[in-house]
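Structure provided below as structure tokens; questions to follow.
Each chain gets a letter, A, B, C and D, in the order it is written, and its residues are counted from 1.
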Amino acid sequence: MNELPPQIQNQLAQLQQIQQQAQALLQQKSQLEMVLRETERALEELKKTGDDAVVYKAAGELLIKAKKDEVLKELEEKKDSFDVRLKSLARQEERIQARFTQLQDQLKAALGKGPSGKAAS
Amino acid sequence: MNELPPQIQNQLAQLQQIQQQAQALLQQKSQLEMVLRETERALEELKKTGDDAVVYKAAGELLIKAKKDEVLKELEEKKDSFDVRLKSLARQEERIQARFTQLQDQLKAALGKGPSGKAAS
Amino acid sequence: MNELPPQIQNQLAQLQQIQQQAQALLQQKSQLEMVLRETERALEELKKTGDDAVVYKAAGELLIKAKKDEVLKELEEKKDSFDVRLKSLARQEERIQARFTQLQDQLKAALGKGPSGKAAS
Amino acid sequence: MNELPPQIQNQLAQLQQIQQQAQALLQQKSQLEMVLRETERALEELKKTGDDAVVYKAAGELLIKAKKDEVLKELEEKKDSFDVRLKSLARQEERIQARFTQLQDQLKAALGKGPSGKAAS
């Protein structure tokens, strides 16, 4: 990379940084999607039960008896907050993707013009 | 690989792709076998209990009291669907294995005839 | 590294060793922080419940019914012991960080004086 | 390695194979030790409870109510079988360690005599 012009080196570094951000974002998203799926499954099972259902909630190494309606409310709130955070992550992803494409185009143009013979070698 | 004839390069690429498919399949299969074993173990334990057994079912962070006969039916259905999917994966595995052997034979034949001295170097 | 003076080689080896210690420490710390967070969450949930709360405690593959006040006491003791160990790890971390900075400065000074031309090449 | 005499190449290959066996054994052992510790912890907790203790046993995604004395017996049997397997693994480990030392000594002797100048280069 020593032989590339400084501007192009800079753009390559930015591209790499953005790729790392995109990867971190993807990881966060897939983790969040997993807990969302789990919450939805718990909600689904809970809704199938009668009003007198006996329900326990895990907390660390404990299981604590809980009231169905309270757990239901809690899970609904959790689900909503996960949905909000997932939408926010999706927006961030779009922005990063757009910035990536933009940088890639700039880089292609700069390399295409190729003022420095070394860049193409 | 630049020096290999295009046809052989193509076959090598196909072999690699098939190896990746085989690996992905194997991973799916071993995951499915694990959940199948867990389901079978739960069924086994459940069948040992009396009809009045007290049973809870995990759903995310919740444990919900369930009726033995309903859980039994649910687990049997799960087990059946896992069995079906495992058989389907086994068939896919066979097909991939056959395709792999076929490609390998073609490749050996092509490299054996060796029209290009470079392939053997 | 063969061309570096023995003293500098020795300092580099010490730096590497300290970095490994710092990494091992960080890992221990983040594991401990995780179990601490889990314990705090369990405590929090437990404190929300009434005195007649029904609580089970996990032990391996078992769940054993427990008395709320006993579990509460147990968790408080666990939390305290985690806090103590975390503080001890934080002190170790500081010591290692200080030693790292000291070695780094010595190394910079030694390389700056550079009696051997090879070190700078 | 092409330049080493065949006998030494063979011994090196055996050494590598034994190292792999030792590693696999170590992994098995540490997994077994983990489940043993968990079983012992469950036993310990169970023994602290009164005879009328309410106990559930995990089986896949289910928790099934169990009788204390039956669970106790089951866990004791598990613990015994883990102990037996651990002792067997320890014996295997000793045998592998002895074989490793033996091969290493043979190799050192063969390399020390060094009939081929290439081995020492």
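Here is the rule we go by: contacts are C-beta pairs under 8 Å (C-beta built on N, C-alpha and C of every residue); 3 or more make two chains touch, one makes a residue touch a chain.
For clarity, every value in this text was computed on a predicted model and none was experimentally measured.
S.K.: Work out the mean Cα position per chain and let me know which chain is farthest from chain B.
M.R.: C
S.K.: At the interface of chain C with chain D, does the proportion of residue numbers present on both copies reach over half, so same, or stay under half, so different?
M.R.: different
S.K.: Averaged over CA atoms, how far is the centre of chain C from the centre of chain D? Could you give it in whole Å?
M.R.: For chain C versus chain D, the centre distance works out to 28 Å.
S.K.: Could you work out how far the Cα centre of chain A sits from that of chain D, in whole Å?
M.R.: Chain centres of chain A and chain D, defined by C-alpha means, are spaced 39 Å apart.
S.K.: Where does chain B touch two or more other chains at once, residue-wise?
M.R.: Residues 56-57, 63 of chain B touch two or more partner chains.
S.K.: Select the category (line, ring, star, complete, other) that matches the graph of chains linked by touching.
M.R.: ring
S.K.: Once the touch criterion is applied, which pairs of chains come out as touching?
M.R.: Listed by label, chains in contact pair as A-B, A-C, B-D, C-D.
S.K.: Inside the complex, what are the residues of chain D that reach chain C?
M.R.: Within the complex, chain D touches chain C at residues 38-39, 41-42, 44-46, 49, 53-58, 63, 71, 75.
S.K.: Which of the residues in chain D come into contact with chain B in the complex?
M.R.: Counting only chain D, the residues touching chain B are 56-57, 59-65.
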